[in-house]
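Order as written gives the chain letters A, B and C; numbering starts at 1 within each chain.
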Amino acid sequence: MTKEQRDILIFTAFGLVVLVTPLLLQGNYLLNVFVFIGINTMLAVALNLLLGFAGQISLGHAAFFGLGAYISGILTTRYAIDPWMAMVAAAVCVGVMAFIIGFPILKLKGHYLAMATLGFGIIMYIVFNETVAWTGGPSGMSGIPNLALGPLIFDSDMTNYYLIWVFTLLTMLLSINLANSRIGRALRAIHDSEVAARVMGVNVRLLKVQIFTVSALISALAGSFYAHTMTFIAPASFGFNFSVELVTMVIIGGLGSIYGSFLGAAILTLLPEFLRVFHDFDIVIYGLLLIVMTMFMPGGLIGGFEALAAAIKRRKEA
Amino acid sequence: MENSDQIIQYILSGLSNGSIYALIGFGFAIIYNATGIINFAQGEFVMLGGMLTIFFLNVFQLPLITSIVLAVAVATAVGVVFERLAIRPLKNASPLSLVIITIGASILIRGAAMLVWGKDTHALPAFSGNDPLYLMGATMLPQNLWIFALTAVIIMASKLFFQYSIFGKAMRACAFNSQAASLVGISVKTMVLLSFMISSAIGSLAGIIIAPLTMTSYDMGIMLGLKGFCAAIIGGMSSGLGTVIGGLLLGILESLGAGLISSGYKDAIAFIILLLILFLRPEGVFGKKETERV
Amino acid sequence: MLSLTKITKKFGGVTALEDVSFNVESGTITGVIGPNGAGKTTLFNIATGLYSQDAGNVYLGEQNISRMPPERLVCLGMVRTFQNVELFGHMTVLENVMVGLHTKSKSGIFSCAFKLPGQRREEKSIRSRALKWLEYTGIADLAGMTAGSLPFGKGRLLEIARALAAEPRIILMDEPAAGLNSRETMGLAELIKKIKDSGITIVLVEHDMELVMDVCDAVVVLNLGRKLAEGTPREIQENPEVIAAYLGDG
């Protein structure tokens, strides 16, 4: 079996499990949690393209998520624009914005890049809070319409689940394709040695900005989906803590692993549901996870599984 | 006339906040110069300073000065533990890993503070009362004077330390060229540890002297930390005059912006300045441009 | 093929290169030698666009390539290798060479994400061409290994394979024999000659005199940032100034 065939098989199996899951969970509140896992997976995959593949950190991705949500919310509630159109508009606006700020931001490296994206995130968070006339300020914005396809309105957990997961699966599939292409290789090359990538003809500067744009665009789409499924948004969901949570998801799952991003998103979304105590401890646990994973398991859970599988295989052969 | 009084008032409060930013910026610069790391947890030491002082003062009923000394000691110890557990074991870690680890440490410390002290804001009594002083038509609290004086003392002390003490010289040597420094017998490890100690001590002191003015809570560290970083970056990451000017400049701009334009965007000002400098002059306004060698 | 004219480069107050000029003839192997600190690597970094010189020009054929970024020089047919071997350590050996084919392929983000038919075809061709270069350098059996876990000598070969994959007209190698044992160095000499026979011009910075004298058609000697001599290997070996410079440095 070639690697490509194996990838297709794994993705098909994953997709089937995702599509069948709600049938087993009918009427269960967990279905609603799974909708959030879908949105968070989209976000984590988007961030992973930048952080895991190109090795460029962003501590401001919650801002793109928020921008998508607010642009969708404002266009639909104030200007009665069709939610799908609003979504496209949000994605285009955020994409253009990311492309423009991408050039100066991605000129920076390492710690400086982290600070700049963090600064950008906080500025946007302040804007969400202060432009009360548009966003409703800290108390949020309500009455955002649901998405609809003809007579089918996505307003229940079940319909939302399928809506979100169809797009999440699509995001994952496209990202997997990208990872195994010349663009994905060029991105990983940048991560390993920027100078060697340049000498081999990779336009490092442009490619970084491009992947930053794609990543921001997917995050904005996730934001639109979030706005239209929740119908209520407030700045608190788009702050610094959420940016860090997204980074944590990517790190836990494994840098550069698309399924890892799903795993990270699922764990960080489910844990607070199962462990009530987690509510008070969540930030401490995120902190610990970030440190411990980076120090002892830099490949994340997926990397850990792979290492384990390889070790078992070696032992069998020996 | 009233208008100019107000501006003086803004400038005064800007200078006092700016002193704090300068101190925090110093902390960033000291670690950066010794290790090349930007310590995202720097702000948490500021928070620890204020919170620990209140803790010793209220829970153990200790006198203010004892509480302060203990608070600085504990915060410094936290800095040492952090360096020992999370920084030292990582040899040749990528900048990305270091960013993530210091962010992890930052939210870990913040979360622990929240668990111990709750989410309420706490006030530290002013060092010498709250009777306002009048200066050129503006009012000033005695605490502002404390801030100016202590900031000046701390900066002078660290200047003397780096210029004249054997440890300070060794640290500068490490910052300049750590390989060469280790060849002449300086323990680079010790110097890195020392840089974390000094910077957490300075950070916690900054948190203590500002606490009577701004109140303090478990999550105050993020904003103060970032503004301190902004000060340091204006100063070109030097632990010298540049960072002091950077901090004061930032404080004044922020206070004028908040007063004359909009108070809601007060915090945004610092970050817009930060982004502008990173985009246009990442070596800082007062820093020297270096040739990058591949 | 490649000419450098009056290249000068200063780092702060230190002059790393001063008025260095020489030509590299098409289809030859030119060695650049000199004691440590002579400015050889700096010269390479300028020629390949990683540093910008303070004065002077670099021509590739007729074209002035001074101050062009490295990623453009690859498209013009110039590639290089590094003294310390700059591999993409987390990628497989095959993938490393596939990155070498970056400029020989053109699918963008969109067609890669959607796997459009053109991109699939291109991907196949990238893979088979990359494998061909691994065979050419004799490391095809390592294709699936992670590049970071290769022994040093194999890493060198991989770096050369990756450079060749870009189908260059000229290849600059920075100390290709450094860190190799004598058997590996002999293999390298064979490979270098084979590359030259395929019509590619080669420039080497090298410390291993035996290798330089064995493979080079022309040699340029740098000392303290200046050109000391140039000529055939034999002329250089007999040049008293060169001997003095080497002996003087110990």
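Heads up, the rule we're going with is that a residue touches a chain if its C-beta (ideal position, glycine included) is under 8 Å from a C-beta of that chain, and two chains touch if they have at least 3 such contacts.
The shown structure was predicted, so the numbers you read here are calculated from the model rather than taken from an experiment.
Enquirer: Sort the other chains by how far their Cα centres are from that of chain A and give me the top one.
Expert: Centre of mass proxy via C-alpha means gives C as farthest from chain A.
Enquirer: Could you say which chain's mean Cα position falls nearest to the mean Cα position of the entire protein shown?
Expert: A
Enquirer: So what's the Cα centroid distance for chain A and chain C, whole Å?
Expert: One centre to the other, that is 40 Å.
Enquirer: Just give me the whole-number Å value for how far the CA centre of chain A lies from that of chain B.
Expert: 33
Enquirer: Could you give the separation in Å between the centres of chain B and chain C, each centre being the mean of its C-alpha atoms?
Expert: 47
Enquirer: Would you give the residues of chain A that are in contact with at least 2 other chains, written as numbers and ranges?
Expert: Residue numbers touching two or more other chains: 195.
Enquirer: Would you pick out the residues of chain C that each touch at least 2 other chains?
Expert: 50
Enquirer: Give me the residues of chain B that touch two or more other chains.
Expert: 294
Enquirer: Under the stated contact criterion, what part of chain A meets chain B in this complex?
Expert: The touching residues are 51, 55, 57, 59, 104-105, 107-112, 114-116, 118-120, 122-123, 126-127, 129-130, 195, 240-241, 244, 247, 251, 280-291, 294-295, 298.
Enquirer: Quick one: which bits of chain C touch chain A in the complex? Just the residue numbers, please.
Expert: 48, 50, 69-71, 74-75, 79-80, 82, 86-91, 95, 98-103, 105, 107-109, 112-115, 119, 122-123, 126, 162-163, 166
Enquirer: Residue numbers of chain B touching chain A in their complex, please.
Expert: Its residues touching chain A are 37-38, 40, 86, 89-90, 94-101, 103-112, 114-115, 222, 226, 229, 233, 262, 264-265, 267-268, 271-272, 274-275, 278-279, 282, 294.
Enquirer: How about chain A: which of its residues touch chain C in the complex?
Expert: 174-175, 177-178, 181-186, 188-189, 191-193, 195-204, 210-211, 214
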